[in-house]
Amino acid sequence: MFYHTKKLQYFKPPEKPDAVYAMKIQELIGGTFGEMTVMMQYLFQGWNCRGPAKYRDMLLDVGTEEIGHVEMLATMIAHLLDKAPVTVQEEGARDAVVGAVMGGTNPRDVIMNAAMNPQHAIVSGLGATPSDSVGYPWNGRFIVASGNLLADFRSNLHAESQGRLQAVRLYEMSNDPGVKDTLSFMIARDTMHQNLWLATIEDLESSGLETTPVPSSFPLELEKREFAYQFWNHSEGTESSEGRWAKGKSIDGKGEFQYVANPQPLGPEPQPPQPDPKLHGTPKTQTTQGNGASGGSAVDRTVIRS
Amino acid sequence: MFYHTKKLQYFKPPEKPDAVYAMKIQELIGGTFGEMTVMMQYLFQGWNCRGPAKYRDMLLDVGTEEIGHVEMLATMIAHLLDKAPVTVQEEGARDAVVGAVMGGTNPRDVIMNAAMNPQHAIVSGLGATPSDSVGYPWNGRFIVASGNLLADFRSNLHAESQGRLQAVRLYEMSNDPGVKDTLSFMIARDTMHQNLWLATIEDLESSGLETTPVPSSFPLELEKREFAYQFWNHSEGTESSEGRWAKGKSIDGKGEFQYVANPQPLGPEPQPPQPDPKLHGTPKTQTTQGNGASGGSAVDRTVIRS
Amino acid sequence: MFYHTKKLQYFKPPEKPDAVYAMKIQELIGGTFGEMTVMMQYLFQGWNCRGPAKYRDMLLDVGTEEIGHVEMLATMIAHLLDKAPVTVQEEGARDAVVGAVMGGTNPRDVIMNAAMNPQHAIVSGLGATPSDSVGYPWNGRFIVASGNLLADFRSNLHAESQGRLQAVRLYEMSNDPGVKDTLSFMIARDTMHQNLWLATIEDLESSGLETTPVPSSFPLELEKREFAYQFWNHSEGTESSEGRWAKGKSIDGKGEFQYVANPQPLGPEPQPPQPDPKLHGTPKTQTTQGNGASGGSAVDRTVIRS
Amino acid sequence: MFYHTKKLQYFKPPEKPDAVYAMKIQELIGGTFGEMTVMMQYLFQGWNCRGPAKYRDMLLDVGTEEIGHVEMLATMIAHLLDKAPVTVQEEGARDAVVGAVMGGTNPRDVIMNAAMNPQHAIVSGLGATPSDSVGYPWNGRFIVASGNLLADFRSNLHAESQGRLQAVRLYEMSNDPGVKDTLSFMIARDTMHQNLWLATIEDLESSGLETTPVPSSFPLELEKREFAYQFWNHSEGTESSEGRWAKGKSIDGKGEFQYVANPQPLGPEPQPPQPDPKLHGTPKTQTTQGNGASGGSAVDRTVIRS
Amino acid sequence: MFYHTKKLQYFKPPEKPDAVYAMKIQELIGGTFGEMTVMMQYLFQGWNCRGPAKYRDMLLDVGTEEIGHVEMLATMIAHLLDKAPVTVQEEGARDAVVGAVMGGTNPRDVIMNAAMNPQHAIVSGLGATPSDSVGYPWNGRFIVASGNLLADFRSNLHAESQGRLQAVRLYEMSNDPGVKDTLSFMIARDTMHQNLWLATIEDLESSGLETTPVPSSFPLELEKREFAYQFWNHSEGTESSEGRWAKGKSIDGKGEFQYVANPQPLGPEPQPPQPDPKLHGTPKTQTTQGNGASGGSAVDRTVIRS
Amino acid sequence: MFYHTKKLQYFKPPEKPDAVYAMKIQELIGGTFGEMTVMMQYLFQGWNCRGPAKYRDMLLDVGTEEIGHVEMLATMIAHLLDKAPVTVQEEGARDAVVGAVMGGTNPRDVIMNAAMNPQHAIVSGLGATPSDSVGYPWNGRFIVASGNLLADFRSNLHAESQGRLQAVRLYEMSNDPGVKDTLSFMIARDTMHQNLWLATIEDLESSGLETTPVPSSFPLELEKREFAYQFWNHSEGTESSEGRWAKGKSIDGKGEFQYVANPQPLGPEPQPPQPDPKLHGTPKTQTTQGNGASGGSAVDRTVIRS
């Protein structure tokens, strides 16, 4: 069960409204790696967790924090959309830019009005929406909670990496002190969360519960071990032979990397079986079934029909 | 530019058809972590790569290999759907199970017919589709190519972890020797690819191009450092204080983990600004605008209308 | 900011696992009118609320309660999926039903295995997912927070009506005492929430802030009043004249219902303008542009090309 | 079966083209609460209706009217896109705004060209599309037809409330007399339809077929009545105690509202059962299964494998 | 504007309910090539049509007919779902199949209950939904109305080909006389519609308004003519040289097919430019920017920051 | 299995970056008829093909070529996004246009910054994404591989028609010589591919394997032949009687077109059966079930409940 406190975890309002920036920062709410993603991902991982109690508790702690991050960003967007130039003035629209030079309507408003997310005006009345920066809605396929903690902690590490990268890009794309201050808090939390998931991975691996390759509970002798450390060079040129992955001991410590410069197929040509004629796919050769095209008789066939 | 060779990278056909299993193994083609995901993710990362040539070449090598994995699974599904009981016999349907005991229609066929993916019969004519195991289509939001290689390599590591986990689960869910043999090749390749992305991370970090926290090119003094290593305990109980993430040196080596047992909000209560009345949101207090509800006069307002 | 307590708002575990029912009850988590919808809808409405403080506080209270409802259902699904027959036994699969009669594998397991949501095994490892009962993911377009409280309270009333209806249907579809007990709590909360939104509508309308028609702040004289109370009978037969909507005072008290038995169009035939030839749509009549088809010369045209 | 007449229900063409406004008004065609939604929602409710004939006839009347509303808006958009500046002139693009002041290319065209929906040029050749104002396609999850008429009439009331609100916002965002005239007809029809659904609710409730709480055919004694009228205060502060929903008789007349100021969980801590090890989720404690990580032997396990 | 008549275009009710078949036949309503697709596609093509009046009229005729096809199928589904075994009996569920042999609950009901579309019970109350056979909702990207009539007529021909194929497959998958009779009417209409679109193509091409290649108004000399009739053999083996497309006059009569057995790339290696460092992508070589990883100083950089 | 060569099939870089055009040309990568569609469509058709070897080989040849087209466009977009004005300068943003005239920041950059796809900066770091021109992701429902080659070849012809139309429109919307040169290659390939699919249709029909109506293997006597060549005039006016489709021999040569000027329904009024009361839909008449609304007693009913 959850409780809410009225104050925000952290917040500085923007100095000036900026409707186009409001559209962009939606990426941090409803984008693939936005706060809705980490919030729902950590909550579902916590709810589904059957591992040790400390992991479950930790997942729900961080998930609960992230609900508050959506709240902070929603508040930010409400401020950025303040005084958004959503309506037009009688005479101004058509000659805005020229007029502006003459001292009329602010041309920036014309650009803002044209380029802002139209749903911020029409649908949400200048509020945040559960969508990304192009207006595509957040959806449940953005998250994973697999029940395997190492697989999921790697997912979390990845999400916080993309998340901090995007927050940093948005920091660079603004020159508003309030926006930058609030983002600098969120970026710091992302630093913590990258460290957090690296730490959970270390913690989990040292506990012996999981290790590489995930899932480690699957007996290795059941996979084709001879292909488990080969790099296949599928393109011309061998620049790919220069990396750590091409030679030396494998990272899991259980094999030796091998570079296959000219990989050859090991399997046969596909021979998909001919499907049931009642599905009317095109067969390899003409049969006697059907109408005028094949000239075949349909008589026999209709016998088994009602 | 790409070339195709007719033979499959590896393949053993299933011994027996199994339409329900064909539905399930679609997860490995078009699911969030299926082969279409890794194929498109590595290709787009390669095409967008501005880093060292060895990374670009490597990404396109692996991406090209993954096209062939989709091909293998599509062939597998065509075999599994062979002789799928898509049509019904005259009298059988209603009394199939009872009848079966008496020696009539195979009851398994009735279950198969009811539980298989109907689109395998109606839409694809017993072929694979670009969808997951519940028929939801693969889509472009499943992949990421951010231009930051450490963020992306972590994504790739995560995708191969979920991918191998799912392949192992499907291995366990079958007892067909052909299916198991083919999957044991794919599982081995996933072992390689988990090792590969761990190796690329080691390679990239040792090159000094990227490190934790991602993106490392962002000056740390621009984030609020005082919050960059704190774990906030947002739920009752302190089991979450027992992990590696709650104390000791942070994994990036740049700070010290700190456990905040009773976190308090640092921000104010939100005060979203009142929006433009022309958007007709509900304000804090009644204004004189509008029709009968507010009893207000609309006269002044219509002056500025056409 | 949010806090979490470990205990559930209410819960009785199911007596027996039932993987197919687990698939069905997903509708209450991630369906169009599931708990994720009301949770996100009330939170966003609260965060975006610029109306009186009591509405904002109330919205966030209920939104916070709903997070806990997702938690209850996720726990329920984990129990329902316990011992789900995800894997098959050596010999059993092909002859399960016949075999069952002889005393072998439980035929119900075969049906369960075939008909359960495959992602519950492959993707989530027997945990809940943010999807509905056919596996379609929850998405942000399921919710609305428009800034107009009367519009939104009507949306909430509607969501709780569909939600209680679906919970009742699922109650009828189970005979497990634990499931029925937990659902009977959720159904009671839905009763409260239907009453709640009816009460908020009464509260809001009596405050004079909003009334019918929404948005009431729009001056009625700006709409074509002569069409504001007419029912147009677009189909043959006049059964539709028998209802409250066809005669008498309109519900908003501002007009008189009128039944138009034989409605006629009031507008002209559409005359969409001919588009720019550079977009290569098909025009009304042949022009001299283009290649062999029209026999026209492209010479003049290329003059204005680079 | 349906028939079409060539004339539009109502229409005034816009005075001037406006490609950006064409993008915005798409919300009224293909948005969550656009005309495609009410059209398909009322038609499906009508087709699925098993209630009294007057409801079925009425639903199909209104649904049929709404097809014509999509037609009106599609025609409007074709006019608004007339002469859209989709192509660029030789020299103009780079220096458009500066140039404009000097007397060159119209700078408004540059903004229009950049900010219009690109699919209006590339995909539809200056015609309407079945999408909303950010280009997201209309989809079937936008509608509901539940078979319970009170639940559905509330949905319809809500849809018309959001729909009129959005139409009013778009009215305010234009200063084109043709657009405003056409919208003032549609807004009036939305006034009728809000009154209509309020009237159907009154009609249905007075017939005794349905009442609050929906579905009223579910025996109230089967829900946990003690929680059916409580408001739970999940956040700090008690502003939410000031509303109609916090005290007094419940709106359904069957209970008394009650304000729970400090709600406590009634359920236990979740104890999700340990899943089948063959799904390779992370368990609470280490088992002997698996590879190197756990040091366990896989021997026993492979005994039961083929 | 549209009108509705109460009678169906054609209809025979099914003899027996069949909930699983109801799920399958949803493909013909809301699938990619279902009746909602052709209905919306022809209506939008008609509304957007700027070509000769006969085409516009014809498109709206057929689009209007298709609304009635959705109506027929919705009615069919309501009948098929009659008496669907959505609820379970006290004791029956667990031992249904075994029990059935003993004379108890019908085992077919257990299979039906498990395998039917759960939303047919939970969401629509035994009515049709705007979704396909796996429950995925119809969406606006399924249709096209490009403004180029030849492109669109080819789309229509294709849609009717897939549509008739799917209807035929569903015909084969049923043995209910009512279903088969109704489908045999729809299949005949699809025969007409395939002939119709072939006829419109002939009509349009003979009018000189459009021809191959679409769009024919684009001057051929502006494309690289030397590559306009080459078949590139991208895979090993030359079976693809045996078809009509590999030699002889091209179908448009404007060139000669040519078979390129060993195609070579004509372009350079990609050299994507290095992006702005403020986006924090990984560059080719280390720069002095950033934090500890690169050891670089961030001093200069912060000078230009606020 | 697949191989990659580093060089592009064809490519000329753009002369100048243009971030807004980069957004638009995404339509050719991830749009409904973009290169990802033809690539995946031809590959799946090839993998699922059970027809003659030459068709399978040909499909995989063209599918493999199309992978390289995605690669070309991704490279193009990286160039177009070079130097995209993603960040803002200290003082410039607010007064950009006015300032520009005075000699300050380039106003075009302000427009570009506001109107470009924000995900090109935030998500992909100036790389291509698997999305269309409004940022909607490519998805698997865009393609079809039905197993019936005539249905699929018609789909391919249609895709190449829309594809060439869109490429031509984008050619017209640019004045960059590099963009135009690269597009003129792709447009030529689309010319080939339109000819290709016309040739495959001729080849297939002349082989006797398939003909009109698709699927030709379905015996014509099983469809209602009397309706197989009728054009139904569903709208007022008879302009639609003037086309090739209204009279004369049908295109398949098996019937005679017939124009039905005043079509009448052939079916009855729908009579959907009353659903199970346990689903709580609204019935035709009041029953004794339920709570206070109906005044009925629920006593009998609870007898059969637990």
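We just call them A, B, C, D, E and F in the order they show up, numbering each chain from 1.
By our rule, a residue touches a chain if its C-beta (ideal position, glycine included) is under 8 Å from a C-beta of that chain, and two chains touch if they have at least 3 such contacts.
To keep track of the chains, here are their UniProt names: A, B, C, D, E, F = Manganese catalase.
It should be emphasised that the depicted structure is a prediction, and the values quoted were computed from it without experimental measurement.
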{"item": "Interface residue identity across copies chain C, chain D - same or different by half", "value": "same"}
{"item": "Centre-to-centre distance between chain F and chain C (centres being mean Cα positions), rounded to whole Å", "value": "26"}
{"item": "Residue numbers of chain D (touch at least two other chains)", "value": "1-9, 32, 47-48, 57, 60-61, 64-65, 71, 75, 78, 86-87, 90, 97, 101, 111, 114-115, 121, 123, 125-127, 131, 134-137, 139, 141, 144, 146-148, 150, 165, 168-169, 172, 175, 215, 218, 220, 222, 234-235, 237, 252, 263, 265, 270, 272-273, 275, 278-281, 306"}
{"item": "Chain contact topology (line, ring, star, complete or other)", "value": "complete"}
{"item": "Residues of chain E touching chain D in the complex", "value": "1-9, 30, 36, 40, 43-44, 47-48, 57, 60-61, 63-65, 67-68, 70-71, 74-75, 78, 123-131, 137-141, 143-148"}
{"item": "Residue ranges of chain D in contact with chain C within the complex", "value": "5-11, 32-33, 53-58, 60-62, 64-65, 71-72, 75, 78-79, 81-84, 86-87, 90, 121, 125-127, 136, 139, 141-142, 144, 146, 148, 150-151, 154-155, 157-158, 161-162, 164-165, 168, 171, 184-185, 187-192, 194-196, 198-200, 202-203, 206, 212-215, 218, 220, 222-235, 237-240, 242-245, 250-252, 255, 257, 263, 265-273, 275-276, 278-281, 304, 306"}
{"item": "Touch list for chain A against partner chain E, complex", "value": "165, 168-169, 172, 175, 177, 180, 278-280, 306"}
{"item": "For the chain A and chain F complex, residues of the former touching the latter", "value": "16, 20, 23-24, 27, 31-32, 97, 100-101, 107-108, 111-112, 114-115, 132-136, 166, 169-170, 172-175, 234-237, 263, 265, 270, 272-275, 277, 279-287, 289-295, 298, 301-302, 305"}
{"item": "Complex contact set, residues of chain C against chain B", "value": "1-6, 47-52, 55, 86-90, 93-98, 101, 110-111, 113-115, 117-119, 121-123, 125, 131, 134-137, 146-150, 204-205, 207-211, 215-222, 252-254"}
